[in-house]
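Letters A, B, C and D mark the chains as written, and numbering starts fresh at 1 in each.
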């Protein structure tokens, strides 16, 4: 799985799209346009992009409460996502889901999830579906280090292994479980080490280095697609913002945050990697950023101009409109 | 933890009490006196007795659906247990619990449990209580190999490890999860191997050999009592009867069962061990069995002669009679 | 018409549907060996190899896998060995299966049936005898189906499997072996349609699950008092066929709502409240509820008999309402 | 009397009880950092070191540990960050905590409080806005407590901590910061006693949680119509103070039961059914229910406003009942 210049550029572009999307969403929150809460993915972009660059459109992805990045990397449109964050009728979920439920089923991105660890079982289920249908689709589940403590992790990964399902379990270990450093609540440092309990490979990579992520994910996706079963892939990463909006971050120093932003920003690291290989000119870089910026501005305009959902939408989509019994 | 002749005799006696208690309960079921179902412990006696011989009266024990042995080994009285199985007012639980809920709180045997894996969290909790109170009580949780698949196993053992609690997690791996051989539903052979995920020692012993069980449990109990934290102790064992009453056992051959009964019966093995050391004369052996037999017969008489619970017992013990608020 | 047992009717329905639709599969604990705990999944492994999965003890995982497979277009039939164990998978049922269509703005759906063997059977005490229909009624996005006869069991099960949304399918363990006639050929009963199991003029008994049979017995006893009672079986509790229920109550002027589950905040409470709201001016007596007292299920047979409502409890409740 | 916010009242109650009784401890996610998500556990780590545990994300484990500690004589105060996550620990709540006393024939008991921040607050959609009081009402062995004012919050919380049996303690997130007077000194409110928040003659509003405040507002509006309504706050839903509720309804002849949760099979249904049963001959109009429609909580503010019942919904319901 060597990373080509072309894939690098695609990943680099997506990283900027994610970064700018979120910064804009944050700004719109301060303006009172985006409501609820945001779990910012900034700083972790290498994970979503590095993994998803290995996926086909028909592969399944399930996310977490922190899934803007997973959606965009899977190909979701930023305008409809932004509209979702505003609660508009044109949102990916018609404004019924919001940030914690963004989804694009047309891309088999089956959604963010507000319940920590709740995607692991369902992703095992999409993988089972592919196996039953005899397709070679791969399923990918993203989840945090905190989620690895949940029983769902234990129950579902064992089933993925038992039935040799085409699934990659991707743990985004950002060192924090909400407001608590991982070492205060966890008894093993590396989540990948737990793979042994399920007789599957466990791999840990530097989640700031998209090259590492891409290559490890490539192996895991290949293995899954070829019938070799699941992999538990841990990416060590870091979030640049608080856990969710309004987090005062008493639990970590601003020095720590600054250090990561300065020296471990996945976008900077990839830019450097590409420049070292002459894969990214100054000009290209500017164009990529300008285009991403334009896309996100357009997304905000789209959201702003979109209509609110009508009152009768409250009661639709609860169950199918007509019970097609026969 | 060397096993003395004295402890051996106590264990041997308890094994017979368990074996005969259950055979009698089975007989009473066929007579229609014991109703509901029984999960027979016969064949696994070395585990309960070997572990409990290391415990003090004030140590906590929590069990499973298959807990006659755990109760008796912790010191519960067979007559009140038998009365419970009949549903009599004199039962350990006044006839409200039955076989799956036998308990003797006066001995800190906090009960069998009808939900697989449900005792692991609560046992971690009793251990937390001891730690908070500063006592040196140890807590022991018994559970089956099937239970190790449940999320509660993963969630609770991690907490036991995190807070270095005085608890021993004892997995009775009898090779079957109800009607399914372990290899059909599990992805690791030894449950003890999963201990690494929780940074605690994992130990696997021959559960038919009470000497091995006793010594390994002794180590684990000592470690817990001295503040060293939890151990995951797996005992490889076998049940001689079906999963519960009425099990046709299509899933295993009678040869397999006979082989275990013949050559791997923990009672026979301990008898041999003691005889080899001249710790058990023929006479002693007969006396022990005769006394156990007499005890169990008396238990049945006690159950038979005991009154039924009165109708008003239906509504007591739901909550405390008087809400002592102030 | 063939006469068959409740569990046989379910099995026949399952086999028919699996033959018709490749996307249906079975998942649960011990569903292959011995034909499954209730013999409902018997023969599936042989006839539809690779479409039945025997799992570890991991209810959250099982239902979670079902949710994902359903989102990906399959139709899982999930067996939980006892209703009581759904407590180990409530997030999957309530926050995932039930809400997926809504949260995704209609993009996704979860066509999954969860089979829930429930109620008192052999005496197994508090953790193996629960019912809890009202929990799931209270969750928007779920359908709650409770057949009382082999014919309804088959017809509703087939409809449940074909439903585009999750169905909580209640199977009272005690009636698995009870027999009844089942129509030949394709037999479907729509979800959301109550059934009048007996017509009558003087009072309406709304009876859930095994209370239907007991109410029909009670109806015969009550003939001696000169009372002619109607027995309505809602068959599905969500959606609830309020029209059929209310029409009957408007006709008779009296309602007795009967379920085996504990009445307090139970299914019978919703039905009673709904009748009170809609039929106030037609009611000649308070709407009565018959159910279990608010206690866990005890073990002793001597205690159980005071908990589970009987045909006699229905008779007394009707008599009270008639006076 | 001091004026304080709802969450401050809870905090004060917690501190007082922890100072009084060594066996009390706190366990939950993020309960130390930032003073806990709702600042209710603020200061506990400093004042009572070693008696507060910040846990992994493992609700089943957390409640399970609470059950065991309680069985061993401690008094755990468990915080679940959102009510919605109790779905991850239902076996522990329902099959363990609630039934332990009964199954053991009275040998064991589980003096544990589970704090359940619930309802819509910031807009967080379907998985972070649920209420589900009726689930727990339906489970024998559990007490269900729902304070609506800071004073009740403190008094009921202290009683809950002292209770020998498990308490499901509902805290509506939206009223954490609402202020009210709290009596000085030891202030205990017994579980199981309703409170008449306003006296009136023409109709009885039975209002749960934040609907109390909205009903009091509605009562003022209704004065313009010449209606003098009584507002009864049950404060605990299990046990339910049927006496106070029924006396009021017998006096006024009209009942409107209001809750924020979805009405279908909700807490309001039990109360309505109970009133219908007990007050039939005094009722001048059907018992009305006010609650959410049977839909998951949407995200968009534009949709949410059509879901959560308002003071105006109460006014309309009362007017309908008066006509």
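One rule holds in what follows: a contact is a pair of C-beta atoms (placed from the backbone, for glycine too) under 8 Å apart; a residue touches a chain by one contact, two chains touch by 3 or more.
Computed from a prediction, not measured in an experiment: that's the story for all the values here.
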Please name the chain that ends up farthest from chain D once chain centres are defined by their CA atoms averaged. B
Could you tell me which pair, B-D or B-C, is linked by more C-beta pairs in contact? B-D
The distance between the C-alpha centres of chain A and chain D, rounded to whole Å, is 36
How many Å are there between the centre of chain B and the centre of chain D, using C-alpha atoms for each centre? 40
Taking each chain's mean CA coordinate, chain A and chain B are separated, in whole Å, by 46
Which residues belonging to chain C are in contact with no fewer than two other chains? 55-56, 58, 60-61, 84-85, 87-88, 91, 95, 102-103, 125-127, 140-141, 294-296, 298
Sequence positions of chain A contacting 2 or more other chains: 91, 93, 95-97, 101, 113-115, 149-152, 154-155, 158, 162, 185-186, 318
Partner chain A, residues of chain D touching it in the complex: 29-30, 33-34, 54-58, 60-61, 84-85, 87-88, 122-128, 293-296, 298-303, 306-307
List of chain D residues in touch with chain B within their complex: 25, 50-51, 53, 55-56, 58, 60-74, 76, 91-92, 95-96, 100-109, 140-141, 143, 159, 162-165, 188, 190-192
In their shared complex, at which residues does chain A touch chain B? 149-155, 158, 161-162, 185-188, 193-194, 196-200
In the complex, chain C touches chain D at residues 60, 84-88, 90-91, 93-95, 98-99, 102-103, 125-127, 132, 134-135, 137-138, 140-141, 238, 262, 264-270, 272-274, 276-278, 280, 283, 285-289, 294-296, 298
Would you pull the chain A residues touching chain D in the complex into a rising list? 35-37, 84, 87-88, 91, 93, 95-98, 100-101, 113-117, 146-147, 149-151, 177-180, 184-186, 247-248, 250-251, 308-309, 311, 313-315, 318
